[in-house]
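So, here come the structures, one by one.
Same chain, two partners: chain A is paired with chain B first, then with chain C.
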Partner chain A sequence: MYDPTVARLTYRALLGRRRALILGALPLLLVVISLAVRGLAGADDQTAADVLGGLALATMVPIIGVIAGTGAIGPEIDDGSVVYLLSKPIKRPTIIYTKLIVAIAVTMVFSAVPTLIAGFVLNGNGRQVAVAYTVAALVASIAYAALFLLLGTVSRHAVVLGLVYALVWEALFGSLVPGARTLSVQQWSLAVAQKVSGGELVTSDVSLTTGTVLLVAVTVLATWYAGRKLRTLTLAGEE
Partner chain B sequence: MSTLSIDHVSRWFGNVVAVNDVTMTIGPGVTGLLGPNGAGKSTLINMMGGFLAPSTGSVTLDGQQVWRNETIYRHIGIVPEREAMYDFLTGREFVLANAELHGLGAKAAQQALATVEMEYAQDRKIATYSKGMRQRVKMASALVHEPSLLLLDEPFNGMDPRQRMQLMDLLRRMGDEGRTVLFSSHILEEVEQLARHIEVVVAGRHAASGDFRKIRRLMTDRPHRYLVRSSDDRALAAALIADPSTSGIEVDRTEGVLRVQAVDFGRFTALLPRVAKEHGIRLLTVSPSDESLESVFSYLVAA
Partner chain C sequence: MAAEQSVRSPQTPATASGDTRIHNIGYRSYDGPRLGRSYARLSLYSQSLRGSYGLGRSVKSKVLPMLLFVVMCVPAAIMVAVSVATKAGDLPVDYTRYAIIMQAVISLYVASQAPQSVSRDLRFKTVPLYFSRPIETSDYVRAKYAALASALFILTASPLLVLYIGALLAELDFADQTKGFAQGLVSVALLSLLFAGIGLVIASVTPRRGFGIAAVIAVLTISYGAVSTLQAIADVQGSGGSIAWIGLFSPVTLIDGVQSAFLGASSTFPGGVGPSNAEGVVYVLFSLGLIAACYGLLMRRYKKVGL
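Take a look at the complex of A and B:
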């Protein structure tokens, strides 16, 4: 199910171009902001939870997910170089599964690690806030990577659509509109984080069971459908 | 030895019919897929390579379906027309990755690079390659698993004459080894130099199939049309129509030209200057009015 050559090509494509700069810039910004907040406001648990919830989980994680998820396959489909993967005796779902693993790993490294660092900077992991949000970032990375990999497989405008989803749905509606919250990766991952933190500073609108089921369902369905789409991917000619 | 069968294949995109009920069999040796730009060659090659589903009909390689069948790629090597190819890798890394995806190793990759004579630049990034070098590395990636069928979409585009000759030699060698090699081109001379067997596609239809020389003769023997301007159009018309190589002449007084239709190309081209000289007529313009590849192909469709 996992092909090391496909993984190597995907890693190099993701981390070798301008994408790596963007991937690195957002986590750096989070840490810098955390340092500033800590310097100005001191160690405060509520402030730490606000920064990690509003900036890290609601904004940075989905954006990193968009860049890694769509970037793992979208550019190859756009420029046609995916033909070198498709013209091989490798099952198409194996290609998708491998790219998903890479996208998850990249999203985790560039979102969960800086979330943990920022958490420790903000309040030294007081009341488990840093660890809770890091766990949320880790589980959200899986679902985001799968969703945006699917988007990269089905649409040529994956980055734009992904950013609209990440910023409008997750960051805006997911935080503000009650109804939209239950259909938000952010809230599902918060349900897991709530369990880790003990439920005082980190809360979710959905139960742990609902959150877990939806996270797994979205990841599995998106991956299955992306594999299916890749099997019938049409490479239009130049004519 | 592999045989690719295209059986009553059509493909349409919305209301546009790109390929219309094409049936052909491609056997071992080099076959040229000839047709003007936009004739449906790329659509056909994409269907042959399993990257596009036929709307109707079937494409099979030795009896096995090509569409939605990943295992078929053990036998097929593909050289796409598009340029994009992991520019951040070196030539060696690229060919090695292709070998690994076939379950092969560095030895196969090295052999393929040697076959296309690209060892000297194998450690340079693909981004720095010329078009011809890219084409050769693409060839190496397609040859790495020694496929029995090689599909090449416009492989000579943008190559200089030396690179073209090298690639032609290579493809000829592949054909002589018993592989089935199919390449598309819109340039008659390219096909003439390389393929004895050709398949002609015009406007999505299969226009001709068979030995190149026969089809070439058919192309040469078709009625040719010329525009002629001279110092005495009427006298020239009278002299030309007396010869059986000319089947019709129109004196176009508004344009001030003769429109000549010749049925025997070789004889007419010798006749025209001779007749003009004998009658003391000066030829001001002699230009073929239907020499475009499209008109040659249209004639073939009608024939």
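Take a look at the complex of A and C:
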């Protein structure tokens, strides 16, 4: 199910040349901000939870997820070079599965690791805040990567669609319409984090069972459908 | 011509005298009027501006800009309807505040249209073709910059116009509303120039449209998120003096600072205290400097590209 050559090519496409620097700039900024906050406010559990929840989980993880998830397959479909990959005797679901693993790994490294570092900088993992948000980032990475990889195979405007989901649906509608929060990767991963932290500072609107079931369902369904979609892919010209 | 070639036997060397000649096959040079550099620049500007709303492109590429335009205008129409129906003495939102509230939509528009405007020229290597026409680097940069800034101005000023017309229909105070509308227009003009510059600089670095979109949105939203987080913490910590200085580091708070210092807007900074007049001057200089820097960076980028 896992093809090392496809994986190597995808890593190169995602992190090659200066792209790793662009991806690395966001986590670096998070750590710098945490240092600044620690310097301004000192170690405070509520502040740490606010920064990690508002900046790391709500903004950084989805953006890294969009870049890694759609970047794993989108550009290849866009410039048509995916035909060279599809014409090799590799199963289409294997290609998707391999690319998913790579996208998940990249998202985790560039979002969960800095979240953990930022958490320790902010309050030294007081009341498990850092670990809880890191777990949330890890879980969210899987779901985001699967979801945005699917978008990459479905539409050529995958990046915009992914950002609309992450910023408009989760952030804007999520804060205005309570019902929208039930259908949000962020809240599902927070449900897992709530369990880890003991549930005082980290809270979610969905229960742990709902969150886990939906996370698994979305990941599996998105991966399955992306594999299916790749089997019937039509290559369109540039607009 | 085929007949002449068949007459020549293979043994005859091609350089034999009397056998080579140049045929006049009727090409004629163009001696009509030439429209010149300014016309080419104007064409590039109008085509880029039309392209920003998908006009002259496929139906698929019209969907997103038009949708964002509608999303931008509908809340304004609803606000007008509400204030007319309830006979409120004032509009529910200031003209200057509207763009700040809708910043997510504006950011998405910049992120989707800036790469559309420049990245594809890089990717399909059409930039050298532009420069084979009588236009210079500065013409290309100015046309693209002006086109995106105009498109953004249309996007941000249209809802203000809806609010203004609605306010006049609701017979609110004419002088008051006109003043607010004018202040709002100045503010969104500055915002358009700033956002267009930032978007184009980032988009002109990458030939990949997807990366361009993600990078622009990341710069706009993460900088806003970081700045507002730091401001909130500075507010809680009681160091109110530093709030204004932190606000310099994100485009949205920069515009917010300028308009609350000079354009009569109420600040959205935590604590509701905008920059003072002296700090406001710094804000204005900083925004103008940023716009000039974006223009300079674009010029530098296109000095080298593809040639």
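The definition used in the following text is that the second predicted complex is superposed on the first by the 230 of 239 C-alpha atoms of A that agree within 3 Å, B and C clash if a C-alpha of one lies under 4 Å from a C-alpha of the other, contacts with A are read in each partner's own complex, and residues count from 1 in each chain.
As a convention for this text, a residue touches a chain if its C-beta (ideal position, glycine included) is under 8 Å from a C-beta of that chain, and two chains touch if they have at least 3 such contacts.
Note that the structure is predicted; figures quoted are calculated from it, not measured.
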item: Which superposed partner A:I67 touches (first chain B, second chain C, both, neither); value: second
item: Touching partner for A:T234 - first (chain B), second (chain C), both, neither; value: first
item: Which superposed partner A:V164 touches (first chain B, second chain C, both, neither); value: second
item: First (chain B), second (chain C), both or neither touched by A:V37; value: second
item: First (chain B), second (chain C), both or neither touched by A:L9; value: first
item: Footprint overlap on chain A, comparing chain B with chain C; value: 79, 238-239
item: Of chain A, residues touching chain B in the complex; value: 3-6, 8-9, 12-13, 16-17, 79-81, 83-92, 231-239
item: Chain A partner contacts - residues on chain B that touch it in the complex; value: 18, 37-43, 45-46, 49-53, 68, 70-74, 76, 78, 80-82, 84-86, 88-89, 97-98, 100-103, 141, 153
item: Touching residues (chain side chain C, partner chain A) in the complex; value: 57-58, 60-61, 64, 104, 107-108, 111-112, 120, 123-124, 208-211, 213-215, 217-218, 221-222, 225-226, 229-230, 232-234, 236-237, 239
item: Touching residues on chain A, where the partner in the complex is chain C; value: 19, 22, 26, 29, 33, 36-37, 40-41, 47, 50-51, 54-55, 58-60, 63, 66-67, 70-71, 74-75, 78-79, 157-160, 163-164, 167-168, 171-172, 238-239
